[in-house]
Structure formats: structure tokens, C-alpha cells
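Both of the next two complexes hold subunit A, though its partner changes from subunit B to subunit C.
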Partner chain A sequence: MPLQKLLKAEWSGLLLVVTLAIILIGYLKPSFLTPFNIQILLAAISVNMVIALAQMLIVGIGQMNLSVGAIGGLVAISFAGLMDVFQLPIPLAVLVGLLIGLAAGLFNGVIIAFTGISAFIITLASLSVFKGINLGITEAQPFYGVAESVKSFGNSSFIGTLPLLILPALLALIGVWFLLNRMRFGRHVLAVGASPTAAGLVGISVRNIVIGTHALSGLLAAVAGMMVVARLQIGQPTIGDDWLILSFAAPVIGGAVLAGGHVNVIGTLLGVTTIAIITQALVLFEIDPFIVQIFLGLLILWAVGINRLRDLRLTLFSKPA
Partner chain B sequence: MASAQESSLSTNSRDRSSIRNFFFSNEFGLLFLILVFATIFALLTTGFTSRFNLYALGRNISIDVVIGFSMMVVIVTGGLNLSVGSIGVSAVMFGGWLIEGMGSNLPIALILLLLGGGLLGAVNGVMVVRTGVHSFIITLATMSVYFGLMIWLTQAEAFRNLPPEVATFGRTKIYGYLSPLLLISLGVAIMLAVLYRYTSLGRNMLAAGANPTAAELSGVNVKRTFILCHALSGLLAALAATMLTCRTGAAIPSMTGHIGQDWLLPAFLAPVLGGTLLSGGKVSVLGTFFGAVLVSLLTNGLLLLQVSEFWVQAVLGALLLSAVLLEKLRNVVLLQNRFI
Partner chain C sequence: MTQENVFQEFGRKSFRTLKNCLLGTTLACLTASPVLASDTRVALVPGGPHPYFAAWEKAGQDAKRDFGLSGADYRVPQKWELSQQNQLLESLLTQGYNGFLIFPGDPVGTNSIASELTAEGTPVIALAGCLKQPTPAVFCLGTDTGNSAYLGTKELIKTLGGKGKIAHFTGFLVDPNTQLRIDAVQKAANETGGAVEVIQVIADIDAPEPAEEKINAFLAAQADKVDGIVTTAWVPAVVAANSLRKIGDKRIKMVGIDHDEVVLKAIKDGYVHGTMLQNPYGQGYIGSFAMNKLRSGCKVNQNAPFKSTALTNQFIDSGTAFVGRDKVDTYIGAMEAVTKDLMASFESTYLVCN
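Take a look at the complex of A and B:
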């Protein structure tokens, strides 16, 4: 029975691909499965998972958030700057970081919900505002004075090779899964994504859902930004610049429907893992790192093609006789 | 086709039914803002009206205008093209390779690089039309693919030994303050205006963008039209990057930022400020032109006012935000006036 259930899951194919890739790469390059390498891989997956979740929620309501990276970057430099310049204790700095992310997400959500202007344009504009504030504060110089315990959090591992960074990622993963599958708010998110009109007619406040989802997205972007600070050991102003493609690639590979209403947390995790494995493999096989960019783009196209085929099959089967 | 033309023409004539509406038009608003800001900058800064600054401003305007057009021609279809920056830099690097690697002469390299840009755009168009997936995700993927291919093939090395004519052209001053690049962008603007107003291809593009089903029923080949829109976008992106190369004198892989992201804001600012409908079917060539002028003017003036270049980006983002909010407000006010 569990096996059948597993095969039925839409991410089963992806799981097979990931497993085969791990076995194949591990066979060809034994260094792939050394504890050190696994730790690097898991740290990358942890950070990217939170970034992908921040975008996945917005894809769930049928919108997009181009400013995920800009929010992450702004929080990252604020977090590092508060510790460096103002010597703020870590919990307080984390709290302020989370609040900035939440506020940035609320800003997006409120404008989109109240004006009805496309999320694309609003988040493109807010991307520039957040990034501009980031550069205005830092003048493109990193903050180096990150607290020692934050640095060690980004570097240490527990139970053998598990990086500590996996803890916030797991928390986010379980939280979002629980939200979307077990909580009223999450079900409403998907309902709004599937059809805002229908959701509105059954009494869901579309406006509140849009605002709440964007606020959550900002919060997750903030968590990701602070995780990157812990991993890089400095507050780089460029943090978040390269999140855009990744944040869309992982949910789409994981089976998210861009029109909204359908996202998959486990699929997104496998999408993030696929990307991390490919990136690692290119490094291990000493293939030009520039190729990563090509692979990411092709992965999106491939995933879109697969999703398209699945949709076609579904519509064929669901046609009334 | 005829009925689609008529419907879009009648919308136009209704828009123009009263002269009062002209003063509510985007073009007028932009012109007003341009004049206001130009006056403010001329009064508050010392260098704004200097010949050199006007020359530099004109050069920036000309490039921003073409970047804006490269996005506008796709927004017509109700889609977008995130890969303009990637296409632009890829095309220019291709041209640089033709000249330095293959010893090709300048005119041939120029033609081939423009066609190359058009081809990359057409690839976007074919994939959008064939899969039916929104152009956002297709061009998001290709912006990564094109940029990755370019940076892999060039190994991130710039082409700095271009023929001297390239840099000379970028430095040329007509009457001491006019850049020839400005004439190119004016030429492109006129051609686009003619395309959308007087040619059946341009009218088909508008009709297909406004309502694909109706256009298809009226005999427009919507798929082919959309592919042409994307190809035109790629061509214009290549042209904009070529103009940028004339200004810098070299073809540099990072000239449009990581995966071409730096062009996204200027590319959307100009058409959106200019009143191009994001849902497709309506363009304003003049509005996009004015939009790009306003953006370049603000950037230039703020820098002269000693605003750090880092804050200028925040201001431009805020400008886009306030522009769409004002537009929304204007529509609400106009709608209420009509009904009361």
C-alpha cells in the first residue's frame, strides 16, 4: 500500500531521477559521497529550500514575487549591519531581520491587493526600491563584523554530517507543508490561486489571503537572507542577486502550476535537490561552472514541458465520455 | 482582420473624442513631468544645461528608448520578455567574436548580430506559441540559458579590440551636443509608429494582442504574429546593446548585469510609464519614448544633485510604483466622472 501511494505521488518520477543521479555520480566520483561533500550539499539545499518556499507560496496564489532576492539581500545586510555597527545581541538582530522581511512582504501584498495591479510590476518596482536601499546603506561594501556564534551556526554540523542550517530549513519546510495541507489559511491560499472569483464567492477574503501570503513570502526570504549571512560569514550586499531563476526553477520542477492553485512542497524539495546535485556534479567533474546557468534554464523549460504533458493527459482523462 | 482593425480603431477614436482627454493622456502627463523636472534640475544644478551634460544625457536617453521599445513590442502580445538583457549582450558578444575571431568587417558583423538577436527572440516566440506556457516562465528560462551560453563560449572575456569606428561613432557630437545615437532611436521610434499605425502587420499585432481569439477568427495568423513580435524584441535588444557598445567602446559580458537583470527595470519603466497596456493590444510609441526620456532625465539630474548612484535605483523603483498607482487613481477618477 505505501508503495502504491508513493508511485501515485506526482513527485515519484522526480524522486527516482534524484536517486539514480546520486547513485550514478557517487559511483563515478566517490568523492561525491564523502561526509564533507554531503555537508556542503545539504547546506546548499537548506538555504535554497527556504528561497524556493518563499516563491512557491506566491506561485500558489497565481502570482509572482520578483523581489524575493531583494528582500533577502536587504535583510541580510540589515542583520549583519546591526551586529557589526550597533553590536545588537543576536536574538534582537534576528527579530529585526524577520520584521524587515515581514514588512517588505506586507508592503508588496497591500499594494497588490488594494490596487489590483499585476504582482509582476509591483514586485519589479519594489525589487529596485529594496535593492536601492540595500546599496544606499552599504554603498556596495560588505559588513564584516558578524557575531561569532552566527558564523559558527553557519559552519557547524550535528549528528555526523548534518549542517545546523538544516534546522531552520526543516522548520520552514514542515511549517509550509502543514500550512498548505492542514490549515484553513493554506487551503484558502490554494483556493484563491485556483480561482480568485470562486474563492471570493464562497466567502474567502481574497484581499487578506493575498496580503498574508506576501507577508509570509517576505518572512521566508528574510530567513533565507540571514541563513546566507551565517554561511558566507559576512553581510554581502550582493546576497539575493542570483535567487530569481532558482526561486522559480525549484517549484516549477516540483510540479507547481504557474497559474496558481497547485504547489507541491515535497516536489519543491526534490527540485531544490536536483539543482544542488547538478551544480555539485558540474564542479566534481570539473565542467565549466558557467554551464550551471544554462542547466538551470534548461531545467525550467524541461519541467514546464513535463507539467504541460501531465496537464494534457489529465484533461484527456477527465473529458466526459 | 478588418473587423479587428475597426474595433481597435473605434476604441482609439473614442479615446480622442474630446480634447480634454488629451490633457489626461499619459503622453501629456509625461511631457509635463519632463518639463517640470528639466526646469528644476536646470535651476538647482550648475552642470545640467552644459553642452557636455546634454550630450551625455541624449546618449543615455537614446539607449534607454530602444531598451524600452524592445520590451514594448512584446507587451503588445500581452506577454513580456525577461531575456532582453541576455539577448542584447549575447548578440553584441557574437558581433565582437565575428570581428575579432573571424576577421569579419563591421557592416557584416552588425547585420549578423542584429539578426542573431532577432533569432534568439524568435526562439522565445516559437516556444511560447508552441507550448502555450506564459512568456514569463519561457523567457525567465531563456534569460538564464542565453546568458549561460554566452558566458561559457566567451569565458567571460570582453572584446576590446573593436574597430575604432565603433567608439568614434559613440563619441561623435553633432552641433556639439547631439549624439548620433539619438537619431537612431528617433528613427526606430518613427518606424515603430508607422508599423503600428499604417501597416497591416502592425495592426495584426495589436489585434492579436487585444484578443487572440477574435483576431484568429478574423483571419490573423496569431501564432506567426506573436513569433514576429518576439523576434522584433530580440532585434531591438541587440540594437540597444550595440548602441551601448558604441558608448563604452568594448563588448563586455557584464554590461547588462548578471543574466541581463540590469535591463529589466528600464525596459519595463519606459513602456509602463508611457501607457502601454500590460494585458496587450495597446501601445504608445510616443509615450514609451517620453517614458525613457523621463527616466534618463531623473537619473541624470539626481546624480548632478549629488544623490548617491545607489539611491537613484531606489528612486526609479519608487517612480515605477507611483506611476502605476497614479495611473490606477486616474482611471478611477475618470470612471467616476463619466458615471456621475
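Take a look at the complex of A and C:
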């Protein structure tokens, strides 16, 4: 039965938490469920979903990408700058943006795969490189000349309150789900994450998977960067600076195992939704700005705690009888 | 055009709007001494990347030209982290910079690196934000942020007819100015005897994504309850101006800060009542001038009419001005006038030179 299947899903608990949170906040603060607020919430979820997917793929191979935000930021200012300074047509600016993201991801992947140095170290270094290029180009000044249709895309809705930004997010969501659940490349990603040695022994090219996954991560970060430009209507050099915590927290809340080998696309969507609801709730309940950080810290602890519990559960269930 | 030139053009585009003001050359005429080659090499170091500080680069270039400095370079830490700023400052010291104009990454924490720099014989001036005394910084030159926030809120209250509910959107909590701004907005509201209430303060949103998310969430929930918005940080001002335009609300009055194009256009179009201008160019230009004088043997005049703030009693106000719809096209002139006034009497007022 569909209900039994739903209850068995590992994200069913999270779905319950999200549903209860929406009901509770909606009851206490009716403005939470107004069409405008739902639109705001969905727009935030759309952008954050793509950011989280970019990190989730890397978590899938048991690595981390600290440069997700820096790639997104670099693409964001490039995308806006190309329209502003060179008056490039939008499709061409999008294409160049995607290529920059892809190239940045490949840069990470190739270095990690060929040197064997920890992804943490490589992406920490590339974060500086990408951010440095960003600042070198912009000198911390935004690009304002974003095309009107891009601005409109980031701030319009369809079928009532659905923001248009939900479309690229849905495409990314479905694409990554399909990749991980229906394609050989996706299964290899999780196999490499679970055990690179075992994956290598069964003939999987660990090197290619690492490079390919980082390239995809860069591509998704690029999409997110351009979505933020559309939403903000300017190319701010600080775009991406705040992505890191979210990018890890959402997949982990959603069921990803930081050691690799296990991620969950629907869970990540619910993780992103949970964070967006909490962020909104902090505003709606007028939490003192000096205390907001405490809530965010507790959120991360909660995410890490859930991850630890999941690890323990997996360990217990995998023990031979 | 070479590739390098293309990228320089690409990056400095936003700055072009300020380039035509000819402020530097005009101000140079106001200095009494002839331009002689100096070995002063100034580093202008903000707390992190932020559009507010971009004017420091032009200010440094103009100061270098006008006062014959060996260098006056704008150097930006990659992130808003005290450790990154400290590392950059140490690196710049080893590169031969001998005068530092610093926006403190932390009003107390930056004193430590400032002491290291002054121990090497390089003077430090706190620029745009102050260091908490006791400090080795010779003085603090910046916007009287508390006063600017206070005046901005008073302008908002005036346009609200002296009553209503207002919200305050502000910047990084680690910014030494943020608490001063929160207090100043509250003070202006308190002076109405309860007629104006600050219903919410949203802070730590001087970055695009959190600002967008939180300001929109606030407007979704409270747009019908709030009468006015005062923003005292750059990014929240931009995001709030865009949000008000998006929801098409001209009932909510807003007073912003700084001179971002988005805010200025929103003022012209009637979505924002006005903005409190600061004077980053004047800070960088006058700061570089003062640094050169200090390195040339001038001393700080201890009897100068310094102002006092919560952090220091050696504060020099670089000026602030409210710009509404009637003055939005001539705002550069307003700040030029403020800079000229300060520059004309700076040496005689704040320095003692033989």
C-alpha cells in the first residue's frame, strides 16, 4: 500500500516533522501560510535545494566540497558581469556560467583524483582561488546590469504562488534522483562513496567517478549562483559566502552519511525545507538577533546527531546474526 | 583592448560613477604644502569584501597622486574573519607598507594586531569603524554610525508623521558599528514617548541570501503591520528596496543607507523615502593624507575637538547626509562638500606639525 511504503521511507520521520512544523507555525502565526509567504518560502527552498544537491553528490562519494559557495559566487558575478559589461544575450551568459561551474568542478575533481590529496584540502584551496578571482574581477562591487527577463524570472510566479525558480530546482532534483537511482554512473557514485577500494576491485574507475561527480557539483553550484542573481536582481560578489553550512546540513538532515555511500534526494529536499522553515520561524517569532546564531548552532548539532544515530543504526543492522 | 584591460574594465565598472567627480584634484588644491615625493606606503584594509569600501581604492589612488605618496593601496581580506584580516596585515607589513588604515574586524580583537604594527613603527588609523580604547590607533576616522542611524530614524519618523511601527534591518553582529546602530534607532524611537515602536530588529543580514530570505519573510508576515523600515547596512538596504518595489508597496516608508544604485533608483521611483549617505571616499583620501603627515613628523593634536563614541574618545566624523528624492541626482556633490570642509581644516585642527 502507498501509505505503508511512505511510512517505510527513511525520510518519513522528517516529512512528519516538516508537516507538524508547518501546521504549528501556521496555527501560531497565520501569516506563515499566506500565499506571499508560501511563495517566499518556495523560492528560498528552490535555490537552497540546488545548493544542497551540489554538496550531496560530493558527500555521496565520501568527500566534501568546501568550494561550492565560491563556485556559485564566481558564476554569479560572471553571469551578471557578462550581461552588464559585455551585453551578452541571456542564453549565452547562462551557457558561459554553466561552463565556468563545470570547469571549476573539473578543476577540483582532476586535482583530487590525480593527486590523491584530501578533497577537504583541495577544495579549501580552490575556495580561495575562486573567491580570489571573484574579488579580483569585482573589487567587491556588485554588477547591476542584469537583464530584465532574468530579474523577472527570479521574482515571478505561475499557477498561483509557485515561483518560476522552482522549475530549475525541480529539473535538478529530478535529474539527480534519476542519476542516482536509475543510472549506472549514479550507482557507481554511491559504490565509490561506500568503499573506493571495493569499487575499484569490481572495475569501477574511481578516478573518473570522482572527476565526474565534482564536475556535476560545479555545474549545480553554477545553476544555484545564477538563480540567486535572478532572485536578487544584482550580481553581488558575496553570493555564495553563506552556502557552506546549509549545503552540508540539508543532506545530512535528509539522510546522507558523511562517510559516503548513502544519500537521499527526497530527504535532502525535506532537509532544505526544514532549514527554510526554521529560518522563517526565527523571523516570524521575532527571535533576538543575538540569539539567532544559537538556534543555527543547535540545528547543526541536531543534524550531526541524527547522522551519528543513523551510523549507529546501520552498524547494528549490518552485524551478522 | 588587451585581455587585462578588458578585465580591469569589467571589474571597475561600478566605480566609474565616482570617477568623474574630480574630487581628488580639487581637494589637493586645499592642502597648503606642495606635493613632494614621500616614502609613505599606505595600506587601506577593510574587514572583508564589501561594496562600501570600494571607494577606498580610488581614494588611495588619488591620495597617492595628490600627496606624492609611495603607495596607497586598497587590500581586501577574502572573508570577514578577524584571522584573515590579521594575516593580511602581517603580510602587508612584510611587504613594506608603513602606514595602515584599518576597518577593525573586531573593535577589541584588532587591537592586538594594531599593537604589533605600531611596535614596528607603522602608525595605525582606525577607518570607518573604531577600535575600543585603550588602543594604539592614533584616532578613528569614520561615520558617526550611531548618529547616522539616529538621524535616519528621525527622518523616517518625520515622514511617518511622528507615529507608527518600524522595523530595523542591520548588518554583521561582529561589526563594531552594529550595536551602536541598534541603540541609536531605539533611542530615536524612545524619544517619541511611545508613539513610534521598533517592532523588530533583524541583524546579521549584510550578505545577500540571508537578507533576501529574512527581509521577505518579515514583509510576508508583517507588511500590513509595519509603517516604516530603517536599514543601517548596505545589503539589507538593497534587498529591502527591491522587496518593496516587488510588492509594490509605497505605503511603507523606508530610509536606507549608502549609495547603491538599487537604493538610489528606488528613491527616484518613490519606493524608498531616502538614504543616509556615508563618506567612504573622504575616509580613504583624508586618512591617507593624515597618515603621510603623521609619518612626516606631525603629531596628533591632543586638544583637537575629537568626538566621543562608545568605543573611543578620539573620533573624527567623516560626515553623513540624508538624501531624499529631491537631492538624489546630486548626492556626489553633497559628499564632496562634506569632504572639502573636513579636508580644509584637518591639518590645523587635528594635527600639530612643525
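Just a few scattered comments:
Rule of thumb we're sticking to: the second predicted complex is superposed on the first by the 310 of 321 C-alpha atoms of A that agree within 3 Å, B and C clash if a C-alpha of one lies under 4 Å from a C-alpha of the other, contacts with A are read in each partner's own complex, and residues count from 1 in each chain.
Rule of thumb we're sticking to: a residue touches a chain if its C-beta (ideal position, glycine included) is under 8 Å from a C-beta of that chain, and two chains touch if they have at least 3 such contacts.
These numbers come from a predicted model, not from an experiment.
In this overlay on subunit A, subunit B clashes with subunit C.
In the superposed model, A:Lys29 makes contact with subunit C only, not with subunit B. In the superposition on chain A, A:Thr279 makes contact with subunit C only, not with subunit B. By the touch criterion stated above, A:Gln236 is placed in contact with subunit C alone, subunit B being left untouched. Contact with subunit C, but none with subunit B, is seen for A:Ile40 once the two complexes are overlaid on the shared chain. Looking at the shared chain after the overlay, A:Lys131 reaches both subunit B and subunit C. In the superposition on chain A, A:Ile121 makes contact with subunit B only, while subunit C stays out of contact range.
When the two structures are aligned on the shared chain, A:Val96 is found in touch with neither subunit B nor subunit C.
Legend: residue contacts after superposition of the two complexes on their common chain; A:Ile294 is shown touching subunit B, with no touch to subunit C.
By the document's definition of touching, both partners, subunit B and subunit C, reach A:Glu139. Superposing the two complexes on chain A places one region of subunit B into the space of subunit C, and among 169-177, 187-195, 205-213 or 223-231 that region is 169-177. On subunit A, the surface touched by subunit B in one complex and the surface touched by subunit C in the other have residues 128, 131-132, 135-136, 139-140, 241-242, 290, 292-293 in common. Per the touch definition, subunit A reaches subunit B in the complex via residues 64, 111, 115-118, 120-122, 124-133, 135-136, 139-140, 241-242, 244-245, 248, 252, 258, 288, 290-298, 300-301, 304-305, 308. Note for the complex: subunit A touches subunit C at residues 29, 31-32, 34, 36-37, 40-41, 43-44, 47, 81, 84-86, 128, 131-132, 135-144, 155, 228, 231-234, 236-239, 241-243, 276, 279-280, 282-284, 286, 289-290, 292-293.
Contact residues on subunit C toward subunit A in their complex (touch as defined above): 7, 9-15, 49-51, 53-54, 57, 74, 76, 78-79, 170, 173, 199-204, 207-210, 212-214, 216-223, 235, 238-239, 242, 246-247, 260-262. Taken in their complex, subunit B has these residues touching subunit A: 80, 127, 131-134, 136-138, 140-149, 151-152, 155-156, 258-259, 261, 264-265, 268, 272, 278, 308, 310-318, 320-321, 324-325, 328.
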